[in-house]
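Paired with subunit B in one complex and with subunit C in the other, subunit A is shared by the two complexes that follow.
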Partner chain A sequence: MSAIVCSHVDKAYGATSVIHDLNLAIEEHEFVVFLGPSGCGKSTLLRMLAGLEDISGGEVSIGGKVVNDLEPGDRGIAMVFQNYALYPHMTIFDNIAFGLRRQKVPAPEIDKRVRAVAATLGLEPYLGRKPTELSGGQQQRVAIARAMIKTPKVFLFDEPLSNLDAKLRNHMRVEIARLHQSLKTTTVYVTHDQLEAMTLADRIVLLKDGKIEQIGSPAEIYERPANMFVAGFIGTPNMNFIDVAVGRKDACWTLTGAGTVFSIDGSRFDLQGVSRAVLGIRPPDLKTAGAGEAGNLLQGAADLIEFHGNDALVTFGTGSKEISALVPTRECPARGSGIRYTFEESRVHLFDAASGVSLLRQ
Partner chain B sequence: MKSYRTRPGRLIGKAILALAGFLAVFPLVWTALNALKNNVDIITRVPRVVFTPTLANISYILGRDSVITGLYNSVVACGAAVLIGVLLGLPAAYAVARYPNRWAGDIQFFVLSLRFLPPVAVAIPLMVIWLQIGLYDTLPALIVTYSLLTISVIMWLAIPAFQAVPKEIEEAAFVDGYGAYSVFWRIALPVAARSLIGAVAFSFVLVWNEFLIALMLSSSNAKTLPIVASELSQQGMNVPWGILNASVVLLSLPPLLFLGVLSGFLNSVFRQKKT
Partner chain C sequence: MARRSSLPVTFVVPTIAILLVLSMVPTLYAIVIALQNRELSSTDYSWVWLSNFQDLLFDRRFLNAVWVSVKWEVVTVVATMVVAIGLGVLMFEVASPRLRNLYCLLFIIPVLLPRVSAAFVWKFAYHPLYGIATYPYRLITGGLIFDPLSKPSTALFAVASVDVWQWGLFFAVIVLKLLETLPPQPIEAARLDHAKRWQIHAYVTLPMLKAPLISLMFVKMIESLRSFDLIYVMTRGGPGVATETLDMYAFSQGFIESGKVSYASAMAVLMMIATVISFTMLWKRVQA
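Showing the complex of A and B:
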């Protein structure tokens, strides 16, 4: 049975529609990440699951029970907020115990459970302190402890790491992943950071303008993006797009654009009747071409070189198009020198030029 | 170099600060001193700092029934009005701040507009109303009238205080299973307490010092302390300065006590643990 089901969910503020006819099923024990640019409705959707926003239309059920009209406290959820939202006038102990007190749990048991959760998250030394006396990372851990202690059916995380500095963010990300491995609680996690989404998620729900663009495992979304938006949003550095005209030559398909004619076997794609398409190739999939190679070449002069460590990002112009390639540093060309890159056909993505939908065969 | 250049500015700043502090505090000190002086010591040409203190003024004040009645009336009227202001004004302010409807803006404006009018404009109609009802010159009339003042002041100051409470904190409490009333009581009130106590104290001082409405609404029974104190100066040509000063001291003590109790309460709630 699915832990969370959204069917035909709408959300509108007055005349402005934020989420439109959204359908989604989240399985038990799953870690699902809502990912998307800001303003895509991901936080609104999460807050609708939490009961902090009204549901304008459709039905949301958690654990098989329709929760549209249930108060947040009756939905069996726990939530971690972006800015921690700890109760500033209470000690850490009281912050964690606050939810249990509401459930009329006897005091000795509250004490036992708070200490157990605090031990798991390394918060024992701070139980007597006030939230302002803790660092950001510790505060976020208290927020997680406060969520954990209620043993909810569902964890909701609303951009929990975006207020932390980069190093702490990595650390907390690992902690959250580990926590999910041990607790196995169904988790919905909202972020705009694709690295968080890719590393944490069992499945990513990619949203844009209140609509689901694609649902899939991180690998699926990376390898088989359903449309140009997904392809461009996922993956750093961004995918290169080249507008091409599609033609047929002997047994091959030809793609003409950026001053080059690419020739592919095209069996992976549904190219019948398509005249204009967009070719997508990720920077790491571009390889330095050997001297003898003549097919599918991108040539130009290295324009900008960004050193990343192991790799370097080489940007060059070909035709009127800027292309980036991520190459091992030892193969990195000098600035201004001529370069030739090629790619394997299996790494190519093709999208319909008009609709942006992937032409990959299902 | 830089500190050298900023030094004159800092000196001037400190001098201005000291002057302002002196201007604020000195009249109070002088009043307190005068309350302990004989009239002869007060009306000398050269102000006397060294004198033989006397408790005559204070004992005279405390010995008069009208002063004690005035003190009682003031404490009851202002205390009750502030209490009503807190009980009605704070929830109303919270509702306007957190659950605004389409009238929220109008409500806020209306509350402020209660303070626009000069008191004279409302004092006479109020007097007529209380005369008609038959409650003129009674404490209930004064309490109800003062409640209008305290509710509006407390609401006006408490709305921004509640709005300043981060919404997520209240939402976290909702997720923790608490209802709207518990969230108000256990989260919003304590978190906003610092600003709220300021609002309550301000409303108390406002009605404690209120003169005109009290003058219009009382003739003998319900006179408050400011009225009684002012009457002390109307005893012919010979102004009893010592007694006046003593009555002013008496008048200033309750608000100070009130503020002291409130801030003490505040400190006990928000005492920071030493880390």
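Showing the complex of A and C:
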């Protein structure tokens, strides 16, 4: 049985529609990440699951029970907020115990459970302190403890790491992953950070303008993006797009654009009847061409070199197009020097020019 | 450089000097008078030192006035805070933003009325035959007379209700605005933590507003000390001495009944000392 089912869910503020006809099923024990640019409706969707926003249309069920009209406390969920949302006037102990006290759990049991959760998250030394006396990472751990102690059916995380610095963010990300491994609680996690999404998720739900663009495992979404938006959103540095005209020559397909003619076998793609397409290549998939290679070349003069450590991002112009390539630093050309890059056909993506939908065969 | 540093002094010194003269001279003069035996009826006087204070300790009317003052202070401050928090939370919970603005506007009007006008309005509203506030009683009992201002048991509360009407409603607006400034996330977290509506306010929002609410209470405590005009218009301390606060009694001793200015000054000095001491102690306790 699915832990969470959204069927035909809508959300509108007055005349402004934020989420339209969204359908989604989240399995038990799954870690699902809602990913998307700001304003795509991912936080709104999460808050609708939590019961903090009304559902304008459709049905949401959690654990097989329709929860549209249930109070947030009665939905069997726990939520961790971006800014921790701790009760500032209470000690850490009282913060964690608050929910249990409202449910009239006997005091000795509260004490036992708070101490157990605090031990799991390494919060024992801080139980007597106030939230302001703790660092951001510790505060977020208190927020997680407050969610954990309720032993919910579903964990909801609303951009929990956005307020932390980069180093702490990595650390907490690992902790959240470990926690999910040991607790196996169904988790819905909202973020705009694709690194978090890729590393944590069992499945990513990519949203844009209140619609699901693609649902899939991180590898699926990276390797087989369903459309140009997904392809452009996922992966750093961003995928290169080249507008091409599609033609047929002998047994091959030709793609003409950016001042070059590419020739591909095309068996992976459904190119029949397509005249204009967009060729997508990720920067790491561009390789320095050997002296003898003649086919599928992207040539130009290195325009901008960004040093990343092991790799360098080389940006160059070819035709009227800016292309980036991520190459090992030792192969990095000097600025202004001529370069030749090539790619393997298995690494390219093709999208319909009009609709942006991937032409990859299913 | 010299001009630069002298400029603030030029502005501040006269103001401070005027303030000092205006506040300190009457205070010191009141203390001096309290140690003498001046009366309005004659110009000669002598120094009696502390005998005015000694007399006060055995003046039953003075002790009554102390008791009435304490009662007045407690009743008005507590009722104002209860009304303010109750109404503020109620508006926060049930009123839409537009309605809230309307209520705020309405609730500010009473405090804008001069005290004397408010006192006259309510004095008439409490009129046993024609008053709107006593109308329901006449209606239910079929025309029985109820005169809250002339019954010793109800007079103080009837006057206090006017004070609460003015300040409680105004403070309700402030409490609402304070609630609106709170971050929404702890409230949402409490909702997820199984807290009921009233529990959210009892355990989360009001404790978060503890400091500003205490400041509000102090403002009201100081304001309640200055109840003279309200009581003077509504009851003149009556019936009997039922609403005679310290300042009312000092006024009547000094200017109305016997013209004993020194005796009245002694009362004022005692009141000042008691106020300073009790407020300092309260403030220290709250800070701790």
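What to note about this one:
Here is the rule we use: the second predicted complex is superposed on the first by the 362 of 362 C-alpha atoms of A that agree within 3 Å, B and C clash if a C-alpha of one lies under 4 Å from a C-alpha of the other, contacts with A are read in each partner's own complex, and residues count from 1 in each chain.
Just so we're on the same page, a residue touches a chain if its C-beta (ideal position, glycine included) is under 8 Å from a C-beta of that chain, and two chains touch if they have at least 3 such contacts.
Please read these numbers as outputs of a predicted model, since none were measured by experiment.
Because the two structures share subunit A, they can be overlaid on it, and in that overlay subunit B clashes with subunit C. When both complexes are overlaid on chain A, the residue A:295 reaches neither subunit B nor subunit C.
Of the two partner chains placed by superposition, A:336 touches none, neither subunit B nor subunit C.
When the shared chain is aligned, subunit B and subunit C each come close enough to touch A:98. When the shared chain is aligned, subunit B comes close enough to touch A:130, but subunit C does not. In the superposition on chain A, A:79 makes contact with both subunit B and subunit C.
Of the two partner chains, neither subunit B nor subunit C is touched by A:328.
Residue contacts after overlaying the shared chain place A:39 against neither subunit B nor subunit C. Under the contact criterion defined above, the residues of subunit A that touch both subunit B in one complex and subunit C in the other are 50-52, 71-74, 77-79, 81, 83, 85-89, 98-99, 102-103, 146, 150. Considering their complex, residues 50-52, 71-74, 77-79, 81-83, 85-89, 98-99, 102-103, 128-130, 133, 146, 150 of subunit A touch subunit B. Every residue of subunit A that touches subunit C in the complex is listed here, in rising order: 50-52, 71-74, 77-79, 81, 83-90, 98-99, 102-103, 146, 150. Residues of subunit B that touch subunit A in their complex: 166, 168-169, 171-179, 182, 187, 190-191, 193, 269-270, 272-273, 275. Touching subunit A in their complex are the following residues of subunit C: 183, 185-186, 188-196, 199, 203-204, 207-208, 210.
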